[in-house]
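Once you scroll down, you'll see the structures, which are given as structure tokens.
Note that chain A is present in both complexes that follow, paired respectively with chain B and with chain C.
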Partner chain A sequence: MKARIWSRVTPYLFLAPALIFMSVFTLYPLVAVGYYSFTEYDILRPPTPVGFANYQHLLNDNVFWLSLRNSFVYLIVTPTIIILSIALAIALNRKLPGISFFRTLYYIPVITGSVAIGIAWQFLFNGSGGPINGLLIWLGVIEKPIVFLTEPDFILPIAMLMTIWMGVGYYMVIFLAALQNISEDLYDAALIDGCNRWQKHWHVSIPGIRPAIVFVAVISSLSALKVFDEIYILTNATGGVLNSGSTIVFYLWKQAFRLQNVGYASAIAMVLLIITLSFSIINVRLLEQRDD
Partner chain B sequence: MATIARSQTLANRSRMTLSSAAGWYVVLGIASVVTIFPFFWLVTTALKGPNDAVFSFPPQWIPYEPTLHNFTRVWQQITVWRFFLNSLFVATCTVILNVTVSALAAYPLAKMRFPGRELIFYSLLATLIVPLELTYVPGYILAVRVFRYDDTLWSLIFPNVFSAFNIFLLRQAFQAVPNDLIDAARIDGASELRIWAQIVLPTVRPSLATAAVFTGVTSWNALLWPSLMLRTREIYTLPVGLNTLRGMFSADFRLIAAGTIIAIIPILIGFIFAQRYFVSGLSGAVKG
Partner chain C sequence: MRRIFALPLAIISLISLTLSACGSSTPQTAQPQIVTQIVRETQIVEVEKTVEVVVTPTPGPHPEAVISGVEEGAEITFWTFYLSPTFDQYIKDTIARFNEAYPGVKVRWEDRQATLQEEYRNSLAAGNAPDVVNIPTDWVLEFAQKGQLLNMSEALPPEVQKQYFEGLFNQVNVGGASYQVPWYQAVDGYLVNKQLLTQAGLTIDDLPKTFDEQKEFCARVKAATGIPCGLRLNTGNLLQSMAYEGNVTIMDANGRFVFDSPEAVSWLQYYVDMIKDETTARDILLLNSSDDRIGLERFSAGQMPFYVTGPQLIRLVRESNPGLYGYLAMVPRAVGRSGKLPPVSMSIVVSKNTKYPRAAAALAVFFTNPRSMLEFSKLVQIFPSTPASYDDPFFTQPPVAIEDQIRPIARDIIARQSNILPEIPRLNEVNEIVRQAIEAAIFGGVPAEQALKDAVTQANTLIGK
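What follows is the complex of A and B.
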């Protein structure tokens, strides 16, 4: 009898730690954010309900709309990163001497982390004599140095370049693994069918790594929508001149932890939830289409 | 006929590989320069003496008065090795706890029948949609008001123990384990915990590595949440410590560069030893 009860509760015991951590650190915050978003709250005093005031404020908040726009513009990094990392994976997917050295090298930006890279990036794009300005002047593209990181038009593209540069090595490894799963016979068959070297990648490699492409598209687009580190580091936590580099997560952070508008920040968090939710639905649809 | 055609294409291919090897090295070389250049710039800046220009037109590529003075000064003023150990501690604890909890939860979802299984499964699935960033505001209030573990390293570990992504990854891996293997052990009287630890876990090592790499890299690179939680310099993680470095030596870029390199070197050494696991871990993500 005792043994039977024991075997009945076993599955729940296995699940218990995960469910406890999920409830405390994911479900509770979800409910709390929903509640805070209808209140005025500065952490020090208890929240006071204000109805839809925070959401109404969002509609008229230009910085919020700019941040939202910037987050969507940031999605350009996803196709770029996919193309570059597939190209690099194809270049690495051959038996040449020293190939593992290159693979290690390209992975280094992934492990050095965004702060170290952000610091290097600030040096490179420095407006009073960084090497990028030096290069552009030498090439004759510009005459005077550009103070890139305080130019409203440049901060977002530079942050995107940094994201791409940091991410290519990471996604390259995923694509490389997928490429190595493709049978050699398929390439031989493609050659017999008269494919040239480039065509064989188009007809064999790309279809063969399609699941990996979908996977990378999902994770890289979600992380692009939620970009924070690059903006925070490159603008020294200011969000750029006139908030030009502000993104939705950056604005959430600023409202919550710089301005102590926790209620308003929670409303921004709810918008973020709706965006990621719609994205997930689109992704599921795409995955289903693929299975048909 | 087919075999002849095939061996000919194979011969063609190897000839083509030889002739195009140089071309591929050019591609790989260009990508290497783009990868290395920011690091090169940090190194050259860190080696510059007081009379070498950090920023100038044209840029000064090589220091005229190379010196290690910047490194020794940074080393004396901030304890980069301590930031490194803090990061290592947080990442290790997070990985161990997260992978254990995920593997425990994934086992009954893959291999047991019980009431509520579907409900639990779909609740877990739903949490995948909740962005981590959404939890920061209530998480902060929890940390400061309820658990009072802000400004400790535990505040960086516990919120990252649960990962629906890892549970799904491991559930899929467990489903591939033959039922006969588990049933045989059950008949022999082994407890479920023992079956989990001694039979199921060893067969899904590649997926465990994948979960560990994803979790570890995320924890190692985390900046936003740790900078909200940590105030005492002694317990800064590497990203937080590096970020304050810029404020400390705001005027002297040589010192900032030197500090950044001191922080990168142990990461590089660790990575060179562990890269086999990184590569096989990430590879698991697509085989799943």
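What follows is the complex of A and C.
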């Protein structure tokens, strides 16, 4: 009897540390944010219930809708980064002398701190002596420097470019691993069937790495929706001129920590939760379809 | 290394040659030749000075113990902002003096840096806030309005309040009371690149004295050198820039925002025009106060005729561009249309829920008393908030280095500093609204009048007026 009880309890004991950890650091904050989203709360004073006021305010908040739009525009990063990292992985999936050096080189941005990268990019796009301006002037494309980071039309594309540059090495490694799992026999068969180099990759490599593509699509799209570091650094924590670089997570941060509207920020967080949850469900369904 | 010795060697050679030529009447077999050489050198002058400390004695058992009824056995926590490790010794020495003045009070000192504001907020929310905290004066309003700070107008005896410049003690006024004691002050002036001025055919005397002259000056420099000014607004409180520079009335007697007046439109149009004419840099104007160094780097690179900053940051210019150091000058900045200068200061506040309000107030006052402030001023280019400190010869002797040029006139400048802003409710959010209005006018092409009108409507809606 005692042994039977013990055998039933044992799995829960093994699970307990993880469950406690998740309860404290995931479940409790989730419930708390849900509660705060129905309150007016500024950290210093106790929260006051306000019903759906924060959600109603969201509907009329132009900056929120602009930030939401920017976050969806940011999803352009996902297909771009997938295409670039597959191309890189294919290029580096060869047994050539010094190939490890190039693989390492493309991975360096991944292990470099985003703040350091942000500062370097600020310098690159500096309106006063930045290399990009220098190059454009030298090529005759522009006559005088552009202060890129104060131009509303440039902030988001520059941040997206930075995200791609920072992430391409990471996704390349995933695709490289997937490519190395494809049997050489399949490539031989493709050659016998008369495939050229392009067709070989289209008909063998891409189908072979499809699970990796789906995986990368999931994680990179969620990362794109939650982008923060790039915007914070490139815009000096302002969100850019006329909020042109503000994304949903940046706006959430600004409301919570700059303006002390924790209740309103919680409502934004709940909207973000619904969006990311929807994305995850769609992606899981896609994975299930592939398994079928 | 070779350059350091070049000047002394040249001088010694010249003196030796001169003496050998004049000092002897014996005919020489070979006549020495005197060759005049001009050696251009940028010298870094480091002067070590020993100055007597003037202390204003206060009646009582210990001259610096001015708060009575300090709780026995009190243990208080004191947070400073960005002072460690450079000023560790000063803080420890001052705490040791405090312990002599108030025996039995234990002080636990901790230095906080970039996360101070968040940490203080969180500690207040969690109920374990430090007793005494050093924060930038700009932050005081938020904590005072939310009832988190000790009322210093009530906690301190009138004679203690009088040890500070009146304008500084009352600079954050909430409900007619002060919730901070002013600590060290910065005096923002024009840090000038004289080399660039010469290129523009200008001299130090041509620097603008008023806000309106500043615009003309920048246009002249831009026309002559192609280099714009690097004016910067106080993004932490844009209404402050508006009030001091533009003499704009921010709120009416009924507590409604009214910063869409013709004065306000004229102030905003000033910057719209300058950005349009490219006479000031568009990426510097709205930099956050925490990014002060971005502007300073631009100045250090020789790409600005002047930069509004304090003498305490000159060392950064010297580190990044030693060649420019010899061409620097520090002069008072232009005064705005209000005729007043905004305080640029650090405060010490006491958390309202402290268990030891008298001991905490005593520590706040001790660190800001004339002696402590004077000693601190000798370590770094900051200025006391206590008039008595300026009686010391340290503040009256002629300046030696560029960093010292503001020192003899600092007392007059600081005495003129005072807060002319009303108590602004929901300052951070109103500031964000104003920022959007300014950006819309400067970068979005919205007429200044319309941008401000919209901002006033939004701000009044926010505060329910």
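Criterion: the second predicted complex is superposed on the first by the 285 of 292 C-alpha atoms of A that agree within 3 Å, B and C clash if a C-alpha of one lies under 4 Å from a C-alpha of the other, contacts with A are read in each partner's own complex, and residues count from 1 in each chain.
Note that in this section contacts are C-beta pairs under 8 Å (C-beta built on N, C-alpha and C of every residue); 3 or more make two chains touch, one makes a residue touch a chain.
Worth saying up front: this structure is predicted, and the values here are computed from it rather than measured.
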(Q) Between chain B and chain C, whom does A:208 touch in the aligned arrangement: first, second, both, or neither? (A) neither
(Q) After superposing on the shared chain, does chain C or chain B touch more chain A residues? (A) B
Q | Partner chain(s) touched by A:47 [first = chain B, second = chain C, both, neither] | A | neither
Q: Look at A:22 in the shared chain and tell me whether it touches chain B only, chain C only, both, or neither; answer first, second, both or neither.
A: first
Q: Considering only touches as defined above, state whether A:229 meets chain B (first), chain C (second), both or neither.
A: first
(Q) Let me test your reading of the model: by the given contact rule, A:128 touches which partner, first (chain B), second (chain C), both or neither? (A) both
**Q.** Contacts of A:14 with chain B and chain C, given as first, second, both or neither
**A.** first
Q: Name the contact category of A:110: first (chain B only), second (chain C only), both, or neither.
A: first
Q | Which of chain B and chain C A:258 touches, first, second, both or neither | A | second
Q. Is there a shared patch on chain A that both chain B and chain C touch, and which residues make it up?
A. 43, 128-129, 236, 257
Q.
Residue numbers of chain A touching chain C in their complex, please.
A. 42-45, 127-129, 147, 149-150, 152, 236-238, 241-243, 257-261
Q) In their complex, what parts of chain C are in touch with chain A? A) 118, 121-122, 124-125, 142-143, 146-148, 235, 281-283, 286-288, 290-291, 294, 298, 301, 303, 428-429, 432, 435-436, 439-440, 443-444
Q | Sites on chain B touched by chain A in the complex | A | 5-6, 9-10, 12-13, 16-17, 20-21, 24-25, 27-28, 31-32, 34-39, 41-42, 45, 53-59, 101-102, 104-105, 107-109, 112, 114, 117, 120, 123-124, 127-142, 144, 158-159, 161-162, 164, 167, 192, 196, 217, 220-221, 223-224, 228, 238-239, 242-243, 245-246, 253, 256-257, 260, 263-264, 267-268, 271-272, 275, 278-279, 282-287
Q: Please give the residue numbers of chain A that touch chain B in the complex, ascending.
A: 7-8, 10-12, 14-15, 17-19, 21-22, 24-30, 32-33, 36, 43, 88, 91-92, 94, 96, 99, 102-117, 119-121, 123-124, 126, 128-131, 133-134, 137-138, 145, 165, 169-170, 173-174, 176-178, 180-181, 188, 191-192, 197, 209, 211-212, 215, 222, 226, 228-229, 232-233, 236, 249, 252-253, 256-257, 262, 265-266, 269-270, 272-273, 276-277, 280
